[in-house]
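Look at the two complexes coming up: chain A is in both, with chain B in one and chain C in the other.
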Partner chain A sequence: MGTLELDKPGKTVLMMGDEAIARGAIEAGVDFCASYPGTPATEVPESLARVSEHFGIYAEWSTNEIVAFEAATAASLAGLRALVAMKQNGVNVCADFLMTVNLAGINGGLVLVAGDDPSAISSSNEQDSRSYARYADLPLLEPADFQEAKDMTKWAFELSEKLGLPCILRSVTRLSHSRGNVKLGVLPEKTRKAKFEGVYISGAFAAAQHAALHQKLEQAREEFETSPFNFYVGPKKAKFVIVTSGTGWLYSREAVAALGLEAKVGILKIGTTWPLPEKFIVDHLKNVAEILIAEEVDPFLEQNIKILLAEQAKTLGPIEVYGSKSGHRPAYGEMNQDKVVQALASIRGLQLKARDEKYIEQAKELALTYIPPRMPTFCTGCPHRASLWAIKSALKLDGRDGFVTGDIGCYAIGAGPAGYFQIKTIHCMGGGIGLANGFGKLDRFAFNQPVIAVCGDSTFYHAAIPALINAQVHNSNVLMVVLDNGGTAMTGFQPHPGSGFDALGRSAPTVEIENICRGIGVEVRVRDPFEISQAVQELYDMLQEDGPRVMVFRRRCFRIEAKEKLQKKYYVDQTRCIGDDCGCARFCSRVFNCPGIIWDQEAQKAKIDEVVCTGCGVCATLCPGGAIKVRGAAS
Partner chain B sequence: MEAGKGSADLEQEVLGQSLCTSCGACVNICPYIKVVRDRVAVIEPCGLTEGKCYDFCPRTPTDIAALDKSVFGKTRSDFSLGPYISIEMAQAKDSEIRCRAQYGGVISALMKYALDAGEIKNAVLTRPFDGAMMPASVVVEESRQLEECAGSNYVSSATLARMNEATRQGKNSIGLVGIPCQVMALRKMQASRHDTGAKGVKLVIGLFCTWALSYKGFSEFLKKKVDLSQVRRIDIPPPPANVMVVETTAGDIRLSLDEVRKFIKPTCSVCYDMTSEFADVSVGMVEGVEDWNTFIVRTPAGENFIDKAKKAGVINTKPLEETRLEHLKQASSIKKKRAVDAIQKRTNDKKNLLYLRLSAQEKKKFL
Partner chain C sequence: MTLEKDPLNLIIAGVGGQGNILASQIVATAGIKEGLYVTVGETYGASQRGGPVMSHVRFSAKAQCGPLIPEGEADIIVGLEPIEALRIIADYGSPATRVIVSPRPIYPIWVLSGQAKYPPVEEVVQKLGELVAEVRVVKAIEEGETGLAANVVMVGALAGSGMLPITMKNFEGSIKEIVSPKDLDLNLRAFKKGVELAGGKAAVPVPVKTRKRK
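Up next is the complex of A and B:
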C-alpha cells in the first residue's frame, strides 16, 4: 500500500507536492476527478487514478481541460466533491467555462488545481494563473509547503461547498514536483450519492448574479481573516516586513536567516491570496515602515496589497513597498532564496560577500564531467525524429520554401536542431493547424509556400479538430501531419481518445484520428514514419495537392514499445562504416543526430551507444554503408 | 572532368538552375540527396567540398572526347551520331513482344534474351506507368517481369538512383536501359576515380530521346482533363500528326503537341545527345516505318552481344536506307546545334559551353 492510502492519522510521510494535494482531496472525500495532463499538475490526477478503486473515486483523462472542468462541475452539481487539475495553459482553455460557472454557482465542493510553471521549464509560456481568481471572482489558495498542499486542498473543498463556488488552488513546479514531510489526516467515511437538483444558469440574470458573486467573495474574505494559512513570524515591533505567498515563504525565511536579520525583519505569510484577508494584513502592518513583497512571477500580491495600502492610508500612514515595480524582484522566472537575499541586501544596504567568480564556471565544468553536452533532442528511437526528417526532405524536394507550423507537445523541440529547424511557429494547443488554416487562404495574395501543420495525437483530439473543420469548409491549402505516437508522451503517456485504454489502464473504446478526418471529409493517409522513403514520397505528393489534407505518421513511441518487447541490439560494423568520407560524411551521428549513435574518435567511425540505444533500427534504414546491424542477425 | 566540387556546387550549378535531368546518378550514393517523382534535392548540406555527386552528374563539366576514350578507347569521328560500329533497322522476331512494346520491340526482346541467356543477372529499366502517370525505374530478375516495362514514356524517372540501390545491394551483372542523359551519367560514373558499383553494369542499351516532360507541370495539366489513375498508355504518333494521344479507360484524349511542349524540362534544351552516344547499343524509332527500330551498335561488347542475340534468332535486322541515315544524322545535329545555341543564350558566353567540353574539332562544327 502506498502513502496515499495510508490510514494512519498523525503519521508523517514523505510526499511529492502533487501527491500531497491528492491526499488532501482524498481526506476531503473527493468522488470525481477529471483532468488533462500537463506539467506540473499531472501527478495530482495520476495519484488519484492510482487509488481510485481503493477509495471509490471516478478518474478520467479527458480530451481537454475545459471538458475536464465541465465534467467535474457536473459531479459537483450532483452534490459530489470533484477535483480538476491542469497546467497553467489549461486554465486558459477553461476560461470560458470559468467565467460562467462562477455566476451560475455549484453544489458539491469543486477544486481547480492550477499548476503554474515559472521559468517555463516544461511549457510553451510563462504565466501566473492567479489573475484568473481575481478576474473570475473566485477564492484563491496558495500552498507554501507540502503540509499546506494537503491541508489547503482539504479545506478548499469545504470552503467551496460553503460558498457555492469553485475554489482555485495554485501550485508551482517546485512545490508540485519536490518532496517533503506531510502529517497525514483522517480518512473520511464516504457516503455521498449523486443527485441533481436546482437550476444553474449563467446569463439570465447575469448582473444580479455578478452582484451575488461579489457577496460570496466577501464571505470568503471573512473566512480568510481567521485562516491558519495566514500568519506572521518575527519580532513584535518590526519596522520591516516581508509579505509573501507560495514558495516565497520558505525562501524568505531562509533569506532572513542567512542574513541574520531574524531580530529585525518580520514575515507576513499569506496563504489565501484572493480575496485578501484585509483586516489581518492591516493589523500586522501597523507601525511598519517598509515591506518587501516576495512572490513568484506576476506582482499579483504586490498590486493587491498596494491597493489595500492606498485604501488604508489613513490608518497605516506611508509605507514604502519594495517588489517587482521597484526593481527588487523580477516579475518573471522562478523565485529562489538568492533573489530574496539580493533584494533584502540591496534595500538594507548590506554588503554581501560575493561568490568566487569562478564558482559558476567550476560548477558547470564539474557537472559536465558527468553529463555529456547535448542539445535538447528527441529520445533514442523517437518516431518524431524520422517524421521531421521526412518533412524536411519533402519540403526540400518540393522546393517552394515550405514551412511548418508547430503545436504543443514533445515534438516542439523540432524547432531546434533535433527537428532540423523545421518548425517555425509555436503557440498554444491547436495553434499550429489554426495558423496553417489562415496561411492556406493567402493564395490570392501571391502566397505559394506550402504549409505543413504538425500536431501530436493528443493535441489533435484536444484542440485541432475545429481548425481542421474550418480548413475543410473553406478549402484551405494546408497539409496537417499528425505525429501519432500512441499517447500523451510529453507528460508520461497518459491515454487519449485513440489509445484504447483509460486512466486506470483498463481497455476503452477508441476514436480513430483517421475516422474523424474522414467524417470531416478531409483526405487522410496513414504511414509509418520509419518507412522513410515512402513517407517522403507520399508527403511530397500530398504537398502538390490543394485543399486540406491529413497525413498521420503513426508509430508508437519507442518508450512504450520497449516496455513491451525485448529490444534488439544494434551495432556498427566499422569495417563497413563510411564515416567522414564522401558517401556518408557522418550522417547518423552528425545530421540525423540520434543520441544512440556516437562518433568513435579513435576508430574515426560511428558507434552505437548501447546504454542509450533503444534498438528502434531507423538508423539502419538510413545508413548508406549498410553498416548498422543487429547483433546475432545474419548479415 | 573537373574535380574539387561537391553537393553545394551541384545545388547551385545544376539543381538551382533547373538543369537537373533527374537521371538519379547522385541519388542513393549517400544520405543527402533524394529524389521523389522527378524532383531531386539536396536535403541537407553534407559539408564536403568534393564528392561523387558532382562528379557523376551529366550536367557538370563533361569532356566528350575524354568520355569517348574511356568508353570506346578512341575519340569520335562522326560528330552527329557519336562513335558506332554499325547502324541497321531491327525488330523483335516475336510478334507478341512487338505488339506489346511500341514500335519494333527490340529492347524488350534483347533484355529478355540477355536475362534468359545469363548475359546479365538483373535488368534496370523503366516501367512506363506506376500509377498517376509517373514511370518507375525497376530492377528485374526474370524476363517475364519485362512485360510491364514495354511501351514509351515521356516523363523521365531516376533510373540511376534505382541502379545505385541495386549495386549497393551487391548486384554486379546488370543490364541497363536508359535515355541519353542517364547513359552519359552512367559512363561518367564508370570513368570516375570514385568508388562506385556502376562498374557492375555490363550492358547499356540507350534509347533515343528528344525531350522529356516535367512531371509536376505535365501531370497538373493532364489532371485537369482526366483522372490520372485512368491513364493506360501515352503515345506520340509519327508526324505530321503533331499530337499526343493519351489512352485512358474512359477513351482516348488527343493533346496538341504544341501545348504539351510547354512542359518540356528546361534541361532538355541544353541536351547534346539524341541517340545515346555512349551506350553499347542505341535503339530508336524509324520515322515513317512502324514496327521497326533504328539500331546502332557502338561498342565491341555491344557487337558481341548482338551477334549472339541474332544467332539465337531474337531479332530481325535489315539495312537502314541511306536517306534515312542522313535524316537521322540531320536530326541529331539539329539537336546539338540547338543545345549549343541554348547554352550560349543562357550563359551569355560564346566560348565556354556550360557543362559541355568539346574538342576543338567538334567545336568548329557546332559553334
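Up next is the complex of A and C:
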C-alpha cells in the first residue's frame, strides 16, 4: 500500500508535492477527477487515478484541459467534489470556460490546480497563472511546502463549496516535483450522491452576476483574514519584513538564517494571495519601514501589495518596497535561496562570504570546455528518430527548401541535433498545424517552400483538429505528419483517445486518427516509420501533391512496447563493419546519432552499447555495410 | 536528534533513465524514518530523455528546507555518471564536498556524433579530486553487465560510506517500502553489493590534493 491510501492519521511520510495535493483531495473526499497531462501537474490526477478504485473516485484523462474542466464542473453542479489539474499552458485552454463558470457559479467543491513551471524547465513558456485568479475574480491559494500542499487542497474544497466558486490552487515545479515531510490526516467516509438541480447560466444577467461575484470575493477575503496559512515569524518590532508566498517562504526563511538576520528581519508569509487578506497584512506592516517581496515569476503579490499600501497610506505611512520593480528580484526565472540572500545583502549593505573565485573558475572551465555537453535526446528505439530522419531525407530529395513546423511533445527535441535540426517553429498545443495551414496559403505571394507540420497523437486529439478542418476547407498546401506513438509519452505514457485504454488501464473504445482525417475529407496514409525507405519515398511523393495531406507515422513508443515484450538483441558484426574505410562517415553513430551505437576505439569499428540499446533495429536497416545484426539469427 | 551540519546537503547526479529519482526517494524515505525533515528537489520532465538529471536531497533536524541547495553548499555528491558529477561542481561543490562516483560513462549524443570528445574516466576522477575533499570510485556495474539496479548499488555505497546519519535498518526499510515486491530481492542485493563496495576492496579512494579556500 502506498502513502496515498495509508490510513494512519498523524504519521509522517515522504510525499511529492503533487501527491500531497492528491492526498489533500482524498482527505476532502474528492469524487471526480478529470485532467489532461502536463508537467508539473501530471502526478496529481495520476495519483488520484492510482487509488480511484480504493476511494470510489472517478478519474479520467480528458482530451484537453477545457474538456476536463467542464467535466469536473458537471460533477460539481451535481453536488460532488471535483478536481482538475493542469500545467500553466492548460489554464489558457480553460480560460474561456473559466470566465463564465465564475459568473454562473458551482455547487460541490471544485478545485483547479494550476502547475506553473518557472524557468520553463519542461514547458514552452513560464507564464504565471496567478493573474487568472485576479482576472476571473476567483480565490487563489499558494501552498508553500508539502504539508500545506495537502492541507490547503483539503481546505480549498470546503472554501469552494462555501463560496459557490471554483478555487485555484497554484503550485510550481519545485513544489509539485519535490518531496518532503507530510503528516497524514483523517480519511473521510464518503456519502455524496449526484443530483443536478437549479440553473447555471452565464450571460443574460452577467452584470448582476459579476456584482455578486465581487461580493463572493469579499466573503473569501473575510475567510482569508483568519486563515492559518497566513502567518508572521520574526521579531515583534521588525522594521524590515519579507512578504512572501509559495516556495518563496522556504527560500526566505533559509536566507534570513544564512545571513544571521533572525533578530532583525521578519517574514510575513501569505498563503491566500487573491484576494489579499488586507487587515491581516496591514496589522503586520504597522511600524514597518521596508519590505522585500519574495515570490516566483510575475510581481503579482508585489503589485497587489503596492495598491494596498497606497490605499492604506494614512494608516501605514511611507513604506519602501523592494521587489522586481526596484531590481532586487528578477521577474522571470525560478526563485531560490541565493536570490533572496543577494536581495537582502544588497538592500542592507551586507558583505557576503563569497566563494573562492579561482575555484569556481577552475570548476567552470572543466564543466564548459573539458567535458562534453549533454542534450536531451530521443531514447534508443524511439520512433521519432526514424520519422525525423524520413522527413529530413524527403525534404532533401524534394530540394525546394521545405521546412517543418513543430508542436508540443517528445518530438520537440527534434528541433535540436536529435532530430537533425528539422523543426523550425514551436509554440502551443496545435500551433504547428495552425501555422502550416497559413503558410500553405502563401502561394500567390511567390511562396514555393513545402511545409510539413509534425504533431503528436495526443496533441492531434487535443488541439489540431480545428486547424486541419481549416486546411481542408481552404485547400491549404500542407503535409501534416502525425507522429503516433500510442500514448502521451512526454508526461509518462498516459492514454489518449487512440490508445484503447483508460486512466485506470482498463480497455476503452478508440477514436482513430485516420478516421477523423477521412471524416474531414483529407487524404491520409498510415505507415511504420521503421520501414524507412518506404517512409521516405511516400513522404517525397506526398510533398509533390497540393492541398492538405496527412501521413500518420505509427509505431508505439518503445517504452510502452517494452512493457509488453522482450526486445531483440542487436550487435555489430565487426567482420562486416570496416570502420572508416567504409566511406559511410560512421553513419550509425555520427549521422543517425543513436546513443545505442558507440565507437569502439580499440577496434576502430562501431559497436552496440547493450546497456542502452533497446533493439529497435532501425540502424540495421540503414547500415550501408549490413554489419548490424540480430543476435541468434541466421547471418 | 541533531546533525553535525544542519542542513546536510546531498546531490545525486546522473543522466535521464539511470534511476536517479528512485535513488533519491530511497535515501529521503530513510531520512524520514530517522525522524528528520527531508526535502528532495528533482529535475526531470524534458531531462528524462537522456539529459542531465540531478536530485537535491536536504536533511535537517530543525525545519523543512527549500528544494534547492544554495551555490557551493553540497556536502555530498553521488555521481551515477562520472562527467555528471564533475559538471555540477562549479555550481554546488566546495573543497569540503565529498564525492562517491560510478566510473561507467554514458556518452552524450555529441560524443556519439563525433562533435565532442569524452575524456578518459581516470582523468575525470582525478580532476574531481582536485576540486573536492574526497572521491570514492564505486564500480556499480561490471563491463558486459546490463544496467541492473546500478542506482541502488550507489545508494548502498552511500549507506556504506557512513556519510549520512542513517542506519542500515532504515535504508533497508525504505527500500522495502518503495520498491515493488517483485523487484525487491534484486534491489536489496544491489544495495548490499553497494554497501560492500563502499567498505570493501572495490571502493578505491583516490589520492587527493585538497585545495584550501583562501
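Here is the rule we use: the second predicted complex is superposed on the first by the 616 of 635 C-alpha atoms of A that agree within 3 Å, B and C clash if a C-alpha of one lies under 4 Å from a C-alpha of the other, contacts with A are read in each partner's own complex, and residues count from 1 in each chain.
Keep in mind that, in the parts below, a contact is a pair of C-beta atoms (placed from the backbone, for glycine too) under 8 Å apart; a residue touches a chain by one contact, two chains touch by 3 or more.
Here the structure is a predicted model, which is why all the values come from computation and not from measurement.
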| field | Room on chain A for both chain B and chain C (clash or fit) | value | fit
| said: Looking at A:624 after the superposition, I want to know if it touches chain B, chain C, both of them or none. Which is it: first, second, both, neither? | reply: first
| note | Note, angle between chain B and chain C viewed from the Cα centre of chain A, nearest 10 degrees, works out at 90
| message | I'd like to know which partner A:435 touches here: chain B for first, chain C for second, both or neither. | response | neither
| said: Looking at A:57 after the superposition, I want to know if it touches chain B, chain C, both of them or none. Which is it: first, second, both, neither? | reply: neither
| said: Touch test for A:591: chain B only (first), chain C only (second), both, or neither? | reply: both
| When both partners are placed on the shared chain, which of chain B and chain C touches more of chain A | C
| task | Check the residue A:336 against both partner chains and state whether it touches chain B (first), chain C (second), both, or neither. | result | second
| query | So, A:393: does it touch chain B (first), chain C (second), both, or neither? | reply | first
| task | In the overlaid three-chain picture, find the nearest pair of C-alpha atoms across chain B and chain C and give that distance in Å. | result | 11
| Shared chain A contacts, counted only where both chain B and chain C touch the same residue | 591
| query | Tell me, which parts of chain C touch chain A in their complex? | reply | 15-17, 24-25, 28-29, 32, 37-47, 49-52, 63-68, 70-72, 83-84, 86-90, 93-95, 106-114, 116-119, 124, 127, 130-131, 141, 144, 146-147, 211, 213-214
| query | So in the complex, which bits of chain A are touching chain B? | reply | 392-394, 396-399, 420, 533, 536-537, 540-541, 544, 582-585, 587, 591-592, 622-624, 626
| query | Which chain B residues qualify as touching chain A in the complex? | reply | 6, 28-32, 34-37, 39-44, 46-48, 50-52, 168, 194-195, 216, 220
| task | Mind listing the chain A positions that touch chain C in their complex? | result | 12-14, 39-40, 121-122, 145-147, 173-175, 177-181, 247, 250-251, 253-254, 258, 336-338, 341, 355-356, 358-360, 362-364, 366-367, 370-379, 410, 413, 417-418, 490, 586, 589-591, 593-595, 597-599, 609-612
